[in-house]
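Sharing a structure below in structure tokens format, with a few things to ask.
First chain written, first letter: the chains are A, B, C and D, and each begins at residue 1.
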Amino acid sequence: MTWALLAAALCGLGLYGTLAAAVPLRRLLGFNLLGAGVFLCFGVVAARAGDPVPRALVITGLVVAFAATTLAVALLRRLAATRD
Amino acid sequence: MILDALLALAILALAAWTVWTRDAFAAGIGFVATGLLLALAWVRLGSVDVALTEAAIGAGIGGVLLVNAATHLGTTAEEAPPSPRQNRLIALLCAGFAVAVGTALLTLPDPAPNLVHEAAAALPATGLGNPVTAVLMVWRGLDTLLEAIVVLLAVLGLWALAPEGATRPAPPPREEGPLPLLARVLPPIGVVIALHIVWAGADGPGGKFQGGAILAAMWVLAWMAGLVRAPEVMDRRLAWALVAGPLVFLGVGVAGLVLAGEFLALPAGWAKPVILLIEAPLTLSIAAGLALLLLGPPERAP
Amino acid sequence: MAEALTAAAVLALLTVLAGLVRVVRGPTRADRIMAAQLLGTGGIAVLLLLAAAGGDMALLDLALVLAVLAAFAAAAFVQAARR
Amino acid sequence: MTAVFTGVCVAAGLLFLAAGTAGLLRFPDAATRLHALTKADGLGLGLIVLGLLPQMPGVAAALKLLAIWGLVLLAGATIGPLLARHATEREP
């Protein structure tokens, strides 16, 4: 119950950060929070059934999210460098 | 129960502040703190292995990446912020989204839909005696392989963003005093802990990613202190370290196709040594990939 | 014993959550880094207390990972803050 | 007997943790706050570790506990001077 509410709130908050922020880095932070919320959704479902598969998916997701974030940061830095 | 409520409230408050604050560095630190608390939340959700991943990759190297990015990028707005009216609309939309997600989670059928039976039912078809090994190799195996390949692809993507003539990431600013000392003392301990985590992961999913992240962090620490140089992009040993894991994994998968008639299937009795054979190079590849991702793209030599 | 240790974990969490005010208020980058560091230590304390209360020794591994990465993260933050 | 020992040590540890947090919140500038943090931080966790040692099921777990404390001390000892230098360089 607690965690389901937190997961939903993080999803909304993260989406807001992604859409409403004008600074690219803050957008990226918002997107990562949205990801954390989605992962928690998986966690809530997994905790009810004792299901290992969603947990395995979350571990995969965390690694992929990190890889995607590094790419996004590199793109932003390149963009900033071409502006100067 | 009080613990859960406290944790959830703190995570929500911190996340909200991270979204709203104007200072990019502060937001980065806020994100790290949120990640730390999220790791505790995963413990309370009964999943220590996800908590380990969140601590090592989400808050650990991911947090360091974002804080670094904050100091490089700052808070220059790329475009006009949404008007108050648009802002209200976005907020309304996001609130609706949150309510929808919450309703969906709270009205799940009991028991929640799950794959426990499917996983168990699929086991006999794999031709493996040990069900744990079967889950690891068949249900998680393809996952793990693709995960390692995603890290590899991200490294290639990062390199593609490098300017012409760039051969290696720029060296860090020179440091004296406590940092080189830390960079000498910590990595040996870190390597032992990383190997312990990989080894312990044999009984649960995904030990090599958390262990690999620690190895990557230790190497980046030595690099920060100026004790090691970043490798040249064209370095052959680096290339082999990056692809060794996926290659061995693919090789074993194809061997399973030939010998046992199914991709990644293992002949009974050989599972344990073969898994060790896969895990060692995979840990190396993941560690190398994560470290390179943390360093960022190569920059033009001065 | 288990209840007392869980209560101690709650107290430890409460303590370091109070320290989060410094993450939010700053004012300097050093303050925010310190507060994050304290949160790490407090988180480790919570994990150790929960491990002893519930007998789940896997939590010690998690605490170990947090401890090893705490030093790395703080060093990286200081270096980032210097630029 | 061990329960009393654990209780006393953990309670003292919590007290130091709280003192460190109070220092972090109430001291006037970054340098003094750092002072409060690193001392109470290491001592607080140290006492909790000491108190929990007899509750551990085996030698390996006890050693892990000590290693965790050592690592936190190491982090505090290095970060302290680094941050202090940073604070004096940038914010005199």
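In this section, a contact is a pair of C-beta atoms (placed from the backbone, for glycine too) under 8 Å apart; a residue touches a chain by one contact, two chains touch by 3 or more.
Here the structure is a predicted model, which is why all the values come from computation and not from measurement.
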item	value
By number of C-beta contact pairs, the top two chains	A-B
Interchain centroid distance [CA atoms averaged], chain A/chain D, Å	32
Geometric centre distance via CA averages, chain C-chain A, whole Å	22
Chain C and chain D, separation of their C-alpha mean positions in angstrom	10
Chain centre separation in whole Å, for chain D relative to chain B (CA means)	28
Numbers and ranges of chain C residues touching at least 2 other chains	29, 33, 35, 40, 61, 64, 68, 71, 75, 78, 81-82
Multi-partner residues of chain D (each touching 2 or more other chains)	67, 71, 74, 78-79, 82
Those chain pairs that satisfy the touch definition	A-B, B-C, B-D, C-D
Sites on chain B touched by chain D in the complex	177-179, 181-182, 185-186, 189
Chain D to chain B touching residues, read off their complex	67, 71, 74, 77-79, 81-82, 85
Residues of chain D touching chain C in the complex	3, 6-7, 10-11, 13-14, 17-18, 20-21, 24-25, 30, 33-34, 37, 41, 44-45, 48-49, 52, 55-57, 61, 64-65, 67-68, 71-72, 74-76, 78-79, 82-83, 86-87, 89-91
Chain A residues within the chain B interface of the complex	1-17, 19-26, 28-30, 32-33, 36-37, 39-41, 43-53, 55-60, 62-71, 73-81
Residue numbers on chain B that touch chain C, as the complex places them	2-3, 6-7, 10, 13-14, 17, 21, 23, 25-26, 29-30, 32-33, 36-37, 39-40, 43, 48, 51-52, 55-56, 59-61, 63-64, 67-68, 70-72, 172-173, 175, 179, 182-183, 186, 189-190, 193, 196-197, 200, 210, 214, 217-218, 220-221, 224
